[in-house]
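The following blocks contain the structures, represented as structure tokens.
Shared between the two complexes below is chain A, which has chain B as its partner in the first and chain C in the second.
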Partner chain A sequence: MMRLLPWMYLAVAFVFIYLPVATLVLFSFQDGQLPVPPFNGPSLRWYGDVLGDSRLTAALINSVLVALGASLIAVTLGFLAAYGLARHVLPGSALIRALLIAPLTVSYLIVGLGLLIVLTQAGLGLSLVTAGIGHVVINLPLAFAIIFAAMGAQQQNAERAARDLGANEMQVILLVTVPMLAPAIGAAFFLSMTFSWDEFIISFLLTRFDVTLPVEIWSMLRSGLSPRLNAIGSLVFLVSIAVVLTLELFVFRKRRS
Partner chain B sequence: MTAPVSLSRLNHWFGTYQALDDINLEIAAGEYVTLLGPSGCGKTTLLSVLGGFIAPSEGSVMIGGRDMTRVVPAKRPTTTMFQDYALFPHMSLRENVGFGLRMAGMGRAERDRKAEAQLSLVGLGDDAGKRPHELSGGQRQRVALARALAVEPDVLLLDEPLGALDLKLRRAMQDELKAIQRHVGTTFVHVTHDQEEAMAIADRIVVMNAGRIEDEGTPARIYRQPASLFAADFMGEMNHIPVHVTEHGVETPFGRLQLPAPRRGAATLCLRPEAIGTTDAQITLGPARVRDAAFFGTHIRAHLVPDAAPDLVLIAHLPPVDMPAPDDVLVISAAADTISVFAKEP
Partner chain C sequence: MTTTGQRAQGWGFVAPALLWTFAFFIVPFIVMGAMSLATLDGRTLIWGLSFQNYAELAEKRFLWRAIVVSLEITLTVTVVSVVLAYPLAWIIAFNVPKRWQRLALLLAILPFWTSYVVRSYAWLLVLARDGVVNQTMLNLGLIAEPLTLANTRFATVTGFVHFFVMLLTLTIYANLVQLSPNYRRAAQDLGASAFQTFRHVILPLTLPGIVTGAFLTFVLCIGDYVTPQILGGNTELTVPQVIMVQLGRRADFPLAAALAIVLMGIVTVAYLAAARWLRLDRI
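Entry: the complex of A and B
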């Protein structure tokens, strides 16, 4: 009995975590109007419906664009900040580091509201670009923290050797630092992607006509439950899983070898 | 390629700490020089100044007749072989060795050919496609050497290059480094704290202490006639005998000796353990009692208490033939040219 207890605990915990997701995925295959028991099916009609819906596919593409663009910018800026702070003695570098990481502690709602006020005051229209700016704000501290933590003496010595062999600063960064930090840079990029992909509040506040997928889903939710939403949710989940698996396969595995 | 190096009036401070103190040094083209000293003596700082990683507070660095004092490492005719090798882990050995050539704008085919030739020179010609993590420490060290030599520098700087290797491999690599240096003709400046390594490898040794040059010269000269007490001690085991210098000569417990000596007053007489023998030599030290003796293969290391100075314990390296027993009495003497006398530090 005592031997079984931990296993039962494990099973309960996993059921608790994965039952909602499993239900969501299961009822996305429902052959009927409502995503509630009894289960009829399976049927792919809701997937066909979702993929045939031009607003949803547009929102899906918007989400991918925002996630890619915001992550690329956040990782580039985070890398440059980490490189500068790790390689140069700057006055007040501890304060600069703290200021770079601080936005992690600010809630997305506050970040989104602040940006909304600033953008409105500045007279800039809301669009996918403004949502992307919001995502850069929330992802930059994370990218900076991950990449800064990975910078060590090993790269520094290799950079010194590269300079000694005639490399200029650009060549040092592109040929030595970035390849040596590839696992950390990749991890930062894929984590930014997943956060940006799922993010709702900032996208909701900072978009107007073109919206990202979570915002589109939210507006559909207002007209009640439908297996369509389950199908969309399953697709979103599938993409997140794909990103995490890519991260695991190409980034963490490489680091271990 | 090769070039002479001329350092004049170099001073360097890290904050208030003076790491280099008025360094003047001439290195001839094609010479193998070692900078020898304990940690913190300034030898690595001096190498960094040569390589361009540290701009000295004062003084000038001339390489091949050109002023290089403020020139960045990339633009200097020097390359450095770093203590931890600093190989690029994401590149094959061929790409590592060809990196400097690539920076110089050489095309892929030609630099691959040259990189493979360099790898062959250090005995790794068949491993050009491997990554650094597949190699042993000694092999990585060879790759670092090949990479630094591939760009044909005028001066190669080696920062404790053998420090991470075990003793046997270190001795083998010393011979190899020396052979490669003769083959390529490049000026080598090698930093070490191991005096045996310095003696085995160098044309000339520069002994450093507290940011200053204590002595410079051939290994034999520094070992036999060191210029300072520090150099004498650093080059190997040394007996210290307190003496007094007067106008008549050097007053020692073993009588008055006529030796080249510094200013009058208290002084220290230095005598190498292997200079003490039981056969007749110019300077007789008289009978001495054996306190203990141990067999070392090439010699017998004995502690001797001379009757003339019972407070003194002399270390002697005797021929490994007759093992003396404790309390045996030996009549010992030493050759005059093995003795140095230095004034006591005030």
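Entry: the complex of A and C
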């Protein structure tokens, strides 16, 4: 009995962890109007319905664009800052690092609220671009921290060798540093993508007419439970999982070997 | 070694990220602070140094109530999540065979990566009046009438705990596997029982990991708008929900800003309380 106890706990924990996800996915195949028991189906009608909905597909494309743009900017800025701080002696570098990490300690709601206040006071309109700016603010600390932690002495030696062989700074960065740091840069990029893809509150506060997918799902929620929501939710989950598994299989595994 | 030219080049690399953080995080933050000291006359904003918004927090019951509700929910969630996650992390670290550990951990935190809007909706499905939990209990004859589970504090706490158990399992597991097995052996050689070993050796050694995870839970939980809004309904409002109400109904930016500053104040107090054990650089 005592030997079984840990395994029973593990089983119960997994039921708790997977109960909402399993319910969500199962009733996305519901052949009926309500995503609650009894289950009838399976049917793919709600997936067809969701993929034929032009508002949802537009929101999906917006989400991908915002995630891609915000991640590219966050990783580029994060990499440059990490390179500058790791390779150059700068006065107040501890302060700079603290400043770059600071947005991580503040909730997304407050980041979004601050930007909303500034934008409305400045009379600037809200759009996907302003939401993207907010996403860079929350992803930059993460990208910087991941890449900075990966910068070590072995790259520095290779960089010196390249310089001795006549490479200029640009060539050193693009041909030596970036390839050697590819796992960390990849991890930073994919993590940024998932955070941006799943992010709701900043997008909700900072977009107006064109919205991202989580904001569109939010407005669908007002009409209550529906298998359509299950279908789109399952698709969103599938994309997040695909990105995380890619990260696990290709980036982290490579780094460990 | 460092010449002025190299230093200038160093600044060139750091500048874009610094400028971005300054323009889109520091400046908005300062403006928000100033906004919390402004007042609203009808629809016109009057900048100034008024503490009227903060005074309102003490005077108006619904504002005060929101702070209490937020604190109650956040503390409950933090404690329950730690208590549930610790055994889970322990079992994965010490009971699951080494070669399956990584897979077990990956599976235990996979739903962590669901969008929080979708995750809260999924819990709404589970807890709905005719949802899975009620239907199952009715069929088993455990209850005669469906229970009201959705749109309650219970639903909000459940949704939060689900998320943070996964997060904490990850941080506590990382802490447990770093422990050298020699500590356990030494304690047991000296005659400590399993419980004594845990209480006096393992627990103190993993405390920094627990406190770091609990602090993260506290910060993320108290600032979240989505989970209480979807799962808790409008029966009682948390601070983020009240902030969103101010933005929507009256466009009362000064009061919303003051509430945000209060939220940050609470997080700062939590940080100071936990600072002794916090290892934020080890996350």
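The rule we apply is simple: the second predicted complex is superposed on the first by the 257 of 257 C-alpha atoms of A that agree within 3 Å, B and C clash if a C-alpha of one lies under 4 Å from a C-alpha of the other, contacts with A are read in each partner's own complex, and residues count from 1 in each chain.
Note that in this section contacts are C-beta pairs under 8 Å (C-beta built on N, C-alpha and C of every residue); 3 or more make two chains touch, one makes a residue touch a chain.
It should be emphasised that the depicted structure is a prediction, and the values quoted were computed from it without experimental measurement.
S.K.: Of chain B and chain C, which one touches more of chain A's residues?
M.R.: C
S.K.: Based on the superposed arrangement, let me know which partner A:L165 touches: chain B (first), chain C (second), both, or neither?
M.R.: A:L165 sits against chain B, while chain C stays out of touch.
S.K.: Return first, second, both or neither, reflecting whether A:V106 touches chain B, chain C, both chains, or no partner chain.
M.R.: second
S.K.: Once the structures are superposed on A, label A:H88 by its partner contacts, choosing first (chain B), second (chain C), both or neither.
M.R.: second
S.K.: Pick one for A:Q121: touches chain B only (first), chain C only (second), both, or neither.
M.R.: After superposition on chain A, A:Q121 lies in contact with chain C alone.
S.K.: In the superposed arrangement, does A:L249 touch chain B (first), chain C (second), both or neither?
M.R.: neither
S.K.: So chain A touches chain B in one structure and chain C in the other; where do those two contact lists coincide?
M.R.: On chain A, the chain B and chain C contacts do not overlap at all.
S.K.: Using the touch definition up top, name the residues of chain B that touch chain A in the complex.
M.R.: 51-53, 72-75, 78-80, 82, 84, 86-90, 99-100, 103-104, 147-148, 151
S.K.: Under the definition above, what is the set of chain C residues touching chain A in their complex?
M.R.: The contact residues of chain C facing chain A are 1-2, 6-7, 9-14, 16-18, 20-22, 24-29, 31-32, 35, 84, 87-88, 91-92, 95-96, 104, 106-108, 110-111, 113-119, 121-126, 128, 130-132, 135, 162, 165-166, 219-220, 222-226, 230, 240, 243, 247, 253, 256-257, 260, 263-264, 267, 271.
S.K.: Name, in rising order, each residue of chain A that touches chain B in their complex.
M.R.: It comes out as residues 154, 157-158, 160-168, 171, 175-176, 179-180, 182.
S.K.: Could you list, by residue number, the parts of chain A that touch chain C in their complex?
M.R.: 6-7, 9-10, 13-14, 16-21, 23-24, 27, 34-37, 76-78, 80-81, 83-85, 87-90, 96, 99-100, 102-103, 105-111, 113-118, 120-121, 133-134, 136-137, 140, 144, 169, 194, 197-198, 200-201, 205, 214, 217-218, 221, 225, 229-230, 233, 236-237, 240-241, 243-244, 248
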